[in-house]
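Same chain, two partners: chain A is paired with chain B first, then with chain C.
Our next item is the complex of A and B:
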C-alpha cells in the first residue's frame, strides 16, 4: 500500500522534473534572438494596431521597418513624433513626410429632415449592404447613408451617430488611419487637416437643380464662394466646391455666410 | 475497428464539440472570424495527433508496467502541457511562417479538455498506437469542421439584427446548440450502413 503511494509519487515527480528540465533545456537551446531594434521600434509605434500603414499591425510594421527597410513615414496615428523616434532607432533622417495631421470628416450634412429618400430601406444595417441596392435609399447618391459602417470599423471609437441622424467624427480622438474612408461606399468620408477651419459639407457632383430636389443643405455649385472670395481658396469642380487648405485664406468665413445653402460649415 | 470507421466516428458521430461538448472554450472564443478559426482548428488537430501518440507511449510503457493506470489523468495533463510548450518552441525555431499561423493558438490549448479527452478516450477504447494517432487527427478535424462552420455562422450573425440581450456569446451558444441538434443525425447506424 505504502509502496504504491511512493511509486505514484515518484512517477509523477520524476515525469514532472524530467519535463521541466527538458523544457528549460529546450528553451535555452531553441532560444531565438529577437532583433532589439524591432522591439524598440515596436515600442515607439502607438500600438493602436489600426493597419493604416498597410501591415498587419504595429508588430508587423516594426518588423518590416527593420528587416525589409519599409518606409518609416507610414504611421498615420503616430505622425511626426513617431517618425523621429523610429528614425533615431534606425539611424535614418526623419524626412518629415506628410507631417500635417489629417482627420476624417463626413462631407455631408443631410439627415432625414433635410434629405429625401427614394425608398424605405429595411435591410442589413450596413452602408455597403445598403449601397448595393440602388446605391442606397437616399435620393442623393453621394451623401452619407448614416448606417454606421465607419463606426464599426473605427479602431478608436472616434465616430458616433448623433440624435439628429448625422455621423460625427471627434477630431480629438481620430488617429487618421483612414479605415472609415476605405469602408465608406459613397466616398463621403474624406480626410481634412486637423486644424482646418471650414469644410464643404456636401459630396454631390449633381447639378444644382438635382441637388435641390434631393436635399436642402447640399452644394449646388453656384460658385458664389469661388467668384466673390477669390482669396479664400474655394474652387468649384463638377458642381461641388472644394477648399484648398494649403493657402493662407482670406474671407473664408464670409464665404461661409454667403453660401446660399450654408454647406460651408465650421470644422469644429 | 477499421481506420475509416475511426475517422467517421470522430469527425461526425462523436464530434468533440457538437456531440461530446469538449473544447467549448476555444470553440466560442476563437470562432469570431473564419481565418483565426481555421488556424485554431489546425493547431488543435496538430496537438491532438501528437498528444495521442505521446500519451499512448506513456500509458503503455510507463503507467501499465508500474500498475499506476489510475494516474492517467494527471500524467496526461503533465505530458500534454509540456509537449505543447515544446512543440511551440520547436515550431518557432524551425518554421516561423507556421509559428505565425499556429503559434498564437498553441498556448491556448495546453490544458484544453478536448486534447485531454482524446488521450483518455484512446485508452478507454484500447486503441493501438496507429489507431490512437488516426483518432487524434480525426478528432482534430472534427473540431476544425465545427469551429469553421461556427465562425461562418457568427460572421453572418454579426450582420443580423440580433436582440440586444442575445448579442455575441449567447446567440453563439444558441447556434452551437442548433448545430449539435443537426449533428445528432450522425449516429452509429451511419457506420453500420456505410461499412456493414
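Our next item is the complex of A and C:
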C-alpha cells in the first residue's frame, strides 16, 4: 500500500524533472530573438494603446519605429518626453513636435435649455448617425449633438456627459490622442493647451442673427473681445472668436466678462 | 399577357394604403408666387448655377449646368426674377444651393405646342435631347437618364424594362400616369428602345393596379405596339431595378454591376413620360406628379406640381392637415426621407409627400436583437442585417464592409420586419458614412 504511494510519487517526480529539462532546453534553443530596441521603445511608450499614432497599439508602433523607420513624433499622449526617450534608444535626434501638452475640449455650451431644436430625433444614439439627417436635430449646425460618440471612443474614459446635458472632458485624464476630434461630426471637439486659461465655448460660423435664433450662448461675432481688448489675443474669423494661446495675454478675463453671450469661458 | 411572376429572394408585404389616392385624378396646381429650385436634384455632382441674384429667367431656361458625367442640368420651371441663391437643406439631409425665383405668372403660362416626330429622329439626337432637358430617373434615385440611355461600347441592350411597379405604400403617381397618359408612356418606352437599340419592351406592373394594366393592354392592342406587359405579384421592393429585372426577364444583376451588364435598361413610368415630353415637346423636366397622402392629410390626392413649389402649397391644396402630423416624409414610407420644414421644395425625385399620424408612423419600443433571423430572410440582397448591425454598433466598419455593406440599398425590409424594432437602416447608413470618413 505504502509502496504504491511511493511509486506514484517517484514516477511523477521523474517525469516532472524530465519535462522541466525539456522545456528549459526548448526555451533556449527555440527562442525567437526580439530586437531589444523594440522592447525598450515599447517601455518608453505610455502603453495607453489609444491608436492615435495610427498603429494598432503601442507594441505595433514600437515595432514600426524600429523596423519600418516610422516617424517618432506620432505619440500624442507621450508628448515630448516620450519623443526624447525614443530618440535616445534609436540614436536619433528629437526634433519637431510641439512640447505643449494639448487636451480636448467641447467648444459649445449649448444644451436643451439654451439651444433650439428643429425636430425630434429618435434614431440611433450616436452623433454620426444623427448627423446623417440635416446634420443633427439642433438648429445650430456647428454645435455639440451631445449623443456621446466621443465618450465611446475615448480610450481613457476622460469624457463624461453631465446632468445638464453637456459633454465634459477631464483635462487631468485626457491624454490628447485626438480620437474624439476625429470622430466628432460637427468639429466642435477641438484641442487646446493643457494650461489654457480661457476658451471660446462656441463653434458656429453663422452670422450673429442666425446664432441668436438658434441659441442663447453662442458667439455672435460682435468683435467686442477683439476690438476692446487688443492685447488679449482674440481674433474674430467667420463670425467666431479665436484665442491665440501663444502670446502673453493681457485682459483676457476682462474680455470674458464683457462678452455679451458669455461664450468666453474659463478652461478649468 | 404573360404569366404572373415575382422575384425570389427576400421581400416583405407592407400594407399598401393606396386606396387613399388611387382613384383621384391628377390635378394641375397653379404656380405659386415664389419658388425655390435646388441645384442638386439628381444623383451625383450638383449642377453649377449660371444665374445670379437679380437675373431675369425664362420658363425652361437652363439655370444650372451639369458638373460631370453623373450630373444633370437644372432648368427654371417658370419665368421671373432670381431673388437670391441660397443654401438650404434638402429632404435627403444634404445641404445644397438653390435659386429662389419670383414668378412672373403671365410669362410663365403654357404657350405654343412643339410637336416633333420622334420616328424621324436618330438615337444620338434623342439622347442629346434627354441630356439637355435635364431628365433624370423619377422613381426616387434620380439617376441622370442620358447616362442610362448611352450604352457603353462592347455592351448591348436587349430589353427595355419599364418600371410601373410602384411598390412603395401610399404612392399612386405612377399608377395615375399609366391611367391618364398611357399612350405617351408607351410611346416614351419605344423612344427609349430606339435610343438603346433594344428589341424587347416589357412593362412590369404589380397586380394591385388592374385598371392600369387593362388600359395599357388596350392601347397596345389598338395601336399594335411591340410592347409586352408583365403582371407581377405584390411584393416590396419589386420596384427596385434588381428585383424588377429578376421578376420580368429572370436575370440577376451581380453585386457592383449595372442592368446593362445583363442587357437591360430600366426606366420608371414617370421618367418615361418625361422622356416622351422632352423628345416630342422639347419640354425640360420642370414639373412632376406628386402623391400627397397619409392619415394626417384632409383630402389626399395626386397633383401635377411645378418643381420648386414649397410643400406647404400642395398641403394647402389638400385643405391642410386633419391633425398635427407625427412625421413628414418626402417619397414613400419605406425609402423616403423625413423632413420638418414645410418650405422644402418639390424636386425631380419627389414622388410623394406623406403626413403620417402617430398611429401610422409606429415607432414602438426598441429591444435587444434576439437573433431570430427574420431580417436575413427579408433582405432582397441576401445580406445579414443582424450581423452588419452588430458590427456597426461596435464600430467594426471594416468587418461590415467585408460583409458587403455597400450592397445594401436601404430598402427598409429589415427594419420593417424586425420584431425588436432596431434602427437597422440607419445603422447601415451610419456604417457607410463612417467607412467613407475613415478613408
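Convention: the second predicted complex is superposed on the first by the 236 of 268 C-alpha atoms of A that agree within 3 Å, B and C clash if a C-alpha of one lies under 4 Å from a C-alpha of the other, contacts with A are read in each partner's own complex, and residues count from 1 in each chain.
We take it that a contact is a pair of C-beta atoms (placed from the backbone, for glycine too) under 8 Å apart; a residue touches a chain by one contact, two chains touch by 3 or more.
Note that this is a predicted model, so its numbers are computed, not measured.
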Taking the superposition as given, does A:248 touch the first partner, chain B, the second, chain C, both, or neither? neither
Of the partners chain B and chain C, which touch A:134 in the superposed model: first, second, both, neither? second
On the A-aligned overlay, A:124 touches which partner chain: chain B = first, chain C = second, or both, or neither? both
Contacts for A:12 in the overlay, against chain B (first) and chain C (second): which applies, first, second, both or neither? first
Look at A:163 in the shared chain and tell me whether it touches chain B only, chain C only, both, or neither; answer first, second, both or neither. neither
Chain B versus chain C, judged by how many residues of chain A each one touches: B
For A:257, is the partner it touches chain B (first), chain C (second), both, or none of the two (neither)? neither
Where on chain A do chain B and chain C both make contact? 124, 126, 129
Residue positions on chain A within touch of chain C in the complex are 118-119, 122-124, 126, 128-129, 132-135, 152-153
Okay, in this complex, where on chain A does chain B touch? 4, 7-8, 11-12, 15-16, 19-20, 22-23, 26-27, 30, 32, 124-126, 129
Touching residues (chain side chain B, partner chain A) in the complex: 58, 62-63, 66-68, 71, 74-75, 78-79, 82, 85-86, 89-90, 92-93, 159-161
Within the complex, which stretch of chain C touches chain A? 89, 93, 95, 338-341, 363, 395, 423, 426-427, 429-430, 433-434, 437
